[in-house]
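Two complexes come next, and they have one chain in common, chain A, joined by chain B in the first and chain C in the second.
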Partner chain A sequence: MSFINYSSREINCKIVYYGPGLCGKTTNLQFIYNKTNPDLKGKMISLATETERTLFFDFLPLALGQIRGFKTRFHLYTVPGQVFYDASRKLILKGVDGVVFVADSQIERMEANLESMDNLRINLREQGYELEKIPFVIQYNKRDLPNAAPLDEMRRQLNTMGAVEFEACAQGGEGVFETLKAVAKGVLSDLKRLSR
Partner chain B sequence: MLDTQLVMYEEDHKQILAVIGRLVRDANAKCIFIVDKNGQLIAEAGEVRGIDTTSLASLTAGSIAATGGLAKIIGEEDFPVHFHQGARDNLHVTLVAKRMILVVIFDDRSSLGLVRLRVKKAGAEMGKIFEMIQKKAEAEQATGGGQSPFNEITDDDIDNLFAD
Partner chain C sequence: MIAGCPKCAARYRIDRDKLVDGAVRLRCTKCEAVFRVRAPEEPTEPPQPAAPISAPAPVAAPPPQPVVAEAPAAPAPVAPATPTATGPCVLVATPDTDLAKQTSELLAASGYAPVVVHDGSQAMLEIQRKLPSAVVLAADLPKMFGFQVCEVVQRNESLNHIHVVLVGAIHHPDRYRRPAEEIYGADAYLEAPDLPGGLLPILEQAGIRAAGVPDTAAAPAPVPAPVEVPAPPAIGTDEFAIGTEPPLEIDSPPQPLAPAPPKASAPPRVPPAAAEEPVDGLGEERAAAERLARIIVSDIILYNEDKFTQCIAAGNVAEVLGPDLVEGRGLFEGRIDPRVRGDRDYLMDELIRVARSRGME
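Now for the complex of A and B:
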């Protein structure tokens, strides 16, 4: 849930990157962190296991610029994708303003993508949110791999809600900022709608 | 929406600053932070220089969320007070008004007993302020947003953010 602070003239929004284990959520944030001007970013925090799997969350604060004299700040979080960390995922989703679903394009990860999408839906619903009603973007990641499923197939299986979607290779950075911009835009448009 | 959006006006912020400013002195603390449960920093007081406040806010919220989850597993509603003792600095963390977290950092110029005592009093005061803020936000939401600066943003405003 966004936070409007009239005293410091800031608006803060929370974006969560969701998706199955190893799909590339942390890689998205790392790329954003590496390519962002130091004035516009805070420290990136990664609570990870020794093998660099996300244990609780990654966190990256970003400043995007001003709208009507208000500084817009986005707090990006990733969830841990491994199935057994579900309790942590629920906690990270609290107060979310927009969600990016990072799908792993490798054909053998299709089941994991579907399971994670279901899990997202369930966890959002527990908080009274519907996936169809929040700012939501799907990223088909790892398009560079030879075992990537055809795009049409991924779309048919995962994007049943007609969400904004992007192909990406988070490692090289393709599609990463496009995804971020789309979800940020969705969140800001939502603020406008909600304040009507 | 299930929760009301958090909106903080200048006058509310001043009231909160007054309470934590007093608490810093009364408790002999180094510094104090108010963080909301979603990890947003709401207010700070005392010697905050050199502290990465954005990281502090997000980690505090994460830690409170995790211990809150633990509490539920063992049948408690929440753990309202947390204390972390360091070699030099200590951290005293309490829940205020259900959605706020009060973080007090203190060293051996103070003591746990003193901090606990002063936090109790200030926490109650703060609880009242946040209740008032919450009521105001609910009333505003019911009447359709009041004077939010985001009533009037256009698609162009949003596009301009991403102009580069």
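Now for the complex of A and C:
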């Protein structure tokens, strides 16, 4: 749920990067952080383990222009991907405005992708959201790996709702900003629609 | 009676007196897997001495009808599409019923004996039962993906002679650095739109010839050796561990394997009766338990890759990574049906399976 601060004329939106463990959620945020104008970004906070695996979440505030005189500030979050950190994921999903599902293209992680997608659906439903009704983008990450599953098969398994989707190699940055722009566009469209 | 551990293929001699109601539950001393063994069904007629039991009457052979293997829960009998009656047995595993029908009809009309299944665990079961000459696997099979079935078949010495044709939705060879066959380990790769028509040339090329087609090669295609206890896969549903007893076939006379075909007199493979499948109706729950175990273990290994590699070398995966399973266990117990949780230690079994697949002794 977007938070609108009328006194400072700011709209705050929350985007959550979801997906299985080590699929590249944090890498997406790091790339965005590294390539964004310092004036537009806040400090990136990572609650990670000593091996730099996300323990609770990553957080990156980002300013993306204005709507009718209101500054739009996007708060990007990631969730811990490991299957047993579900409580943290539920917490981070609270008040979400848009979701990016980062799928790991490696064949061996296909089951983990499906599990994570099911988990996302369940956790959203618990908070009264429907995946089909919120701005949602799927990113097929790690497309450069030799053991990547064919895109059509991934699409058939994961994108049953016909969401906007992108291929990506987050380490090199391919597809990262395209994904962010698409989900941000979805969130802003929702915002405009609701404000009418 | 000799039985084999479905996990590590260790073999045990069992005294029939120890069977209760024709079955006994064993724990493998080598890998600690728990499995059930049943005695083979006693023949209703006095056993024929030694020699070839006549095969089920070769009823004037019309082209073999495709056989659809039922899901384990369904009590309907799995018609014994033995490869003996006509051509070599070809297993067709695809969730697409129309495609399965088209493919099996084409195979049957071409002199093969097709068997159709619609999910990965059923495919695995039928592969072990029938030892088909070739398997056609759709990549997106439910319960167990086609490429996972393929991996298990290729890894298993008693199954890896089977010609595996993997069917992907669409294949973009230019997007891969390596050929798709190499990535998946399949013998051939086919795109779904080419499936019915493109399959026959692949089978021909692999030397799997239909009944009535003269085999030009003097020797039959490479067939694996002896009817070894087909060690079932480590991945998969519990049907493989419980209720199936390929090992018991050892007591039968040696079977000629497809595609070497046999004459009418060849004794048929003992098709496990439908009743031998788990009748408790918990197949889905077991499949869910195995799936979740794979996901949890995959996560643990991914996050502890270095530790895992060291453990494999030292052969102490269970001791070192066991504590990492604790969190996973909590999740597992919260989500998996209590009726199947106690069957075995799904998480530890999966951890050890992966370690072995990566070379742990």
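A few remarks follow.
What we mean here is this: the second predicted complex is superposed on the first by the 195 of 196 C-alpha atoms of A that agree within 3 Å, B and C clash if a C-alpha of one lies under 4 Å from a C-alpha of the other, contacts with A are read in each partner's own complex, and residues count from 1 in each chain.
Convention: contacts are C-beta pairs under 8 Å (C-beta built on N, C-alpha and C of every residue); 3 or more make two chains touch, one makes a residue touch a chain.
It should be emphasised that the depicted structure is a prediction, and the values quoted were computed from it without experimental measurement.
Superposition of the two complexes onto chain A shows chain B and chain C fitting side by side, with no clash.
Of the two partner chains placed around the shared chain by superposition, chain B is the only one that A:Tyr129 touches, whereas chain C remains out of contact. The wider contact with chain A, measured as residues touched, comes from B rather than the other of chain B and chain C.
When the shared chain is aligned, chain B comes close enough to touch A:Leu47, but chain C does not. In the superposition on chain A, contact of A:Leu64 is made with chain B only, not with chain C.
For the pair chain B and chain C, the minimum alpha-carbon spacing after aligning on chain A is 14 Å. Common to the chain B and chain C contact sets on chain A is no residue at all.
Residue ranges of chain C in contact with chain A, taken from their complex: 139-140, 145, 147, 168-172, 175-178, 183-184, 291-292, 294-296, 298-299, 302-303, 327-328, 330-331.
In the complex of the two chains, the chain A residues touching chain C come out as 20-22, 51, 53, 81-84, 86, 107-112, 115, 143, 146-153, 156-157. On the chain A side of its complex with chain B, the touching residues are 1-8, 11-12, 14, 42-43, 45, 47, 56-57, 59, 61, 64-70, 72, 75, 87-88, 90-92, 94-95, 127-129, 181, 184-185, 188-189, 191-192, 194-196. Chain B contributes residues 1-10, 12-14, 36-40, 42, 52, 54-55, 58-59, 62, 65-66, 69, 144-145, 148-153, 155, 157-162 to its touches with chain A in the complex.
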